[in-house]
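Which chain is which? They are A, B and C, in the order written, and residues in each are numbered from 1.
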Amino acid sequence: MSVTPFRLPVIAKLRREAIEALIAKGLRVDGKRDPATPRSVTVELGVIERAEGSALVKLGNTQVMAGVKMDVGAPFRDTPDQGVLTVHAEFVPLASPLFEPGPPDENAIELARVVDRSLREVGAVDLGELVIRSGEKVWVVWVDLYILDHGGNLFDASMLAAMAALLNARIPYYEEIETGEVVVDRSKPPLGALPIRRRVVTVTVAKIGRHLAVDPDFEEESVADVRLVVALDDGGRIVGLQKSGEGAITREEARRAIALARQAAPVYFKALEEAATSSKADGS
Amino acid sequence: MGQTSSGGSSRTLVLPGDPVGEDVEARAPYIYVDDRGVKRAAVPGFVDDRGGKKVFVPLESIYIPKPGDIVIGMVHSVGVTNWFVDINSPYMAVLNLQDFLGRPFNPATDEPGRYLSAGDDIKAKVLAFDRTRNPLLTVQGEGLGKIVEGKIVEIAPARIPRVIGRKGSMLEVLSSETGCEIFAAVNGRVHVKCPNPEVEAIVILAIKTIEREAFTSGLTARIRKLIEEEKVVRGVGK
Amino acid sequence: MKAAHGRLISEEGLRHDGRRPDEHRPVKMEVGVLSNADGSAMVEFGRTKVLAAVYGPREPPQRFMLLPDRAILRVRYHMAPFSTSDRKSPAPSRREVELSKVIREALEPVVISELYPRTAIDVFVEVLQADGGTRTAGVTAASLALADAGIPMRALVAGVAVGKVDGVLVLDVDEVEDSAGEADLPVAGAPDLGLITLLQLNGVLSEEEFEQALDMAWRAIEDLVRQEKEVLRRKYQGVSRA
């Protein structure tokens, strides 16, 4: 059952008014940026050696780590010639006073499913290349999102972390033994990169008062009525949308939000590209 | 669309989101004013044009206690020094033992369950309610207290004004035709106390009919006729 | 994942069930279908059948849940085990958890919750038969059930999903079109107020296609809300026949 949030961060009324007044003037509480500009973003790859791929994303004060692990498993019955991609998100209690230990709540599930759909629908990972034996053995790719510090806008940071960790992932060495079993051997050098066909980012647009702004920080998010998460691929197509939050938007606002998202997306794509290039230069 | 008219007054059915017109009084919770200043219905209802004066009549309502309301409640549970009373509202009401007794109580000997227990009906007045604490009831007053005879009929609170009728006209018909004592409480409960079970059944049927056909014209006359016919059918003499 | 061209749209431009691209399946709506609930409704979009019930406002079972300045909304979207071709486990899936949230957030903007502080308004949506569009049929049924319960609302809401199959935008996708299609855009909104209250996209659309799909959805939503009002009007005909 989904319940109206009853444990909300309390934002001082004066602060709320200040945030709204700034947005109305095209400014942001953290200064130095306009409604179409995300906070500073860094993407670091290969932060966890035990994972097939990993990334740490910092978006303003928000930190999300993503780890990719791969197993050999059975394909889904209706897709015998495709590997399996699964996204999970953990809102780790150390990340925020609002997070409680326990199974993923609706926010964590929504986040994981939005990231999952955005990757899946556009075929970001070529799952057809992840078949070991048709109908029997395929690679199962687990993307685990770990929220480490909640400074607002978990969607964009998580999507970036997932995409970056997938770009960073290497398929482990494996052998098919006589019994037909597939044995993974991580002591041997990996076989190569995951087949990534498309890059995807999400840009979250918050409606604060009557105004729209991308990449809300924690305070902005707390005073926002509603957010529209816009997933865009590197070909400029819309590959996912999710309205999230208690409020509503007009059709005109939906269009403007998508335009704003398009304006901001290159910042995220650039961060991904820089991380990918510098890790190649490191030879990792 | 949903417009009917009869004898100089007209009636329009409106539904949540429909504009009701600027000359209708904005009255929470039934009418609200949107961001652009347009008055809209929040519940299904009629806009009645009564000779130029526009009035909103809700077809659905949820009973919210107001200080001074006389309600019919049912004891839901017994506390240490009070009762929790279901008054057909989102909010559970409280009646204190001290109020019921009309004197300070002795915790050693006065135990609430001795006086009222779960399932008992009471007639009480709302003393205080501000939506931050449970509504507080009192039974200190003429005719208030435990209900010991008769029946309670529950109907939609929005239909209670029709059971009462204009200046009490419907109540007058119900009681004069049946000889029953009838009290219609704002929270959707009607207490009927009748001379015999036959007329009790008739008066309950009449109240249910009023609920079902509340806003049809000529209702009072039809109710009178219904009661007369039922009396013949059931062999209740004059 | 793309469907073979021409499989779902015929040469005459018709869909696999004979509908035109902008044609909704037959819609059925009924209110007051349950006796215990404060409000209830059944909505059918073709073979999709959804039942909604509303209880409250009432005191929430756990008092820590309440808010001092408004009612909380508790919404559960749930699929009956027999609603799908393979039996669905009755335990809530991740999809149901997400859709419960998305439906709650589609209702939050229209329910005037500040009238009933410290209470809960419960909305239960049960999918009895699933053939695509269950969340949008669910929002539509919930809107009717809330009105039936007399819960003050800023406006009625309704929902519909627009899909893209064989490169063509189609209204009110069923399961065949949804599973083979290239995109699914569920939308819900309140036409009286011009507000979108639910918006998701699962799939790929260009910006131009998005705008066309949203317009197509919006016209259908306007029509669905008109039908909701017609059904409610019928409910009150009895009490007001002159």
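By definition in this document, contacts are C-beta pairs under 8 Å (C-beta built on N, C-alpha and C of every residue); 3 or more make two chains touch, one makes a residue touch a chain.
This is a predicted model, so every value here is computed, not measured.
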item	value
Reference subunit B; chain at largest CA-centroid distance	A
Chain whose Cα centroid lies nearest the overall Cα centroid	C
Subunit A and subunit B: spacing of chain centres that average the CA atoms, whole Å	55
For subunit A paired with subunit C, centre-to-centre distance based on mean C-alpha positions, whole Å	27
Euclidean distance of C-alpha centroids - subunit B vs subunit C, Å	34
Multi-chain contact sites of subunit C, meaning residues that touch two or more partners	190, 193
For subunit B, residues contacting two or more additional chains	none
Contact footprint of subunit C on subunit B as seen in their complex	1-2, 4, 6, 11, 13, 15-18, 28-30, 32, 34, 40, 42-44, 46, 58-62, 64, 90-92, 131-132, 158, 212-217
Residue ranges of subunit C in contact with subunit B within the complex	56-59, 68, 71, 110, 112, 115-119, 147-156, 190, 192-193, 225, 228-229, 232-233, 235-236, 238-242
Touching residues on subunit C, where the partner in the complex is subunit A	1, 64-67, 70, 72-76, 94-95, 97-98, 100-105, 108-109, 113, 183, 185, 189-190, 193-207, 210-211, 214, 218
Complex contacts: residues of subunit A adjacent to subunit C	1-4, 6, 106-107, 109-110, 112-113, 117, 121-123, 228, 231, 233, 237-251, 254-255, 258, 262
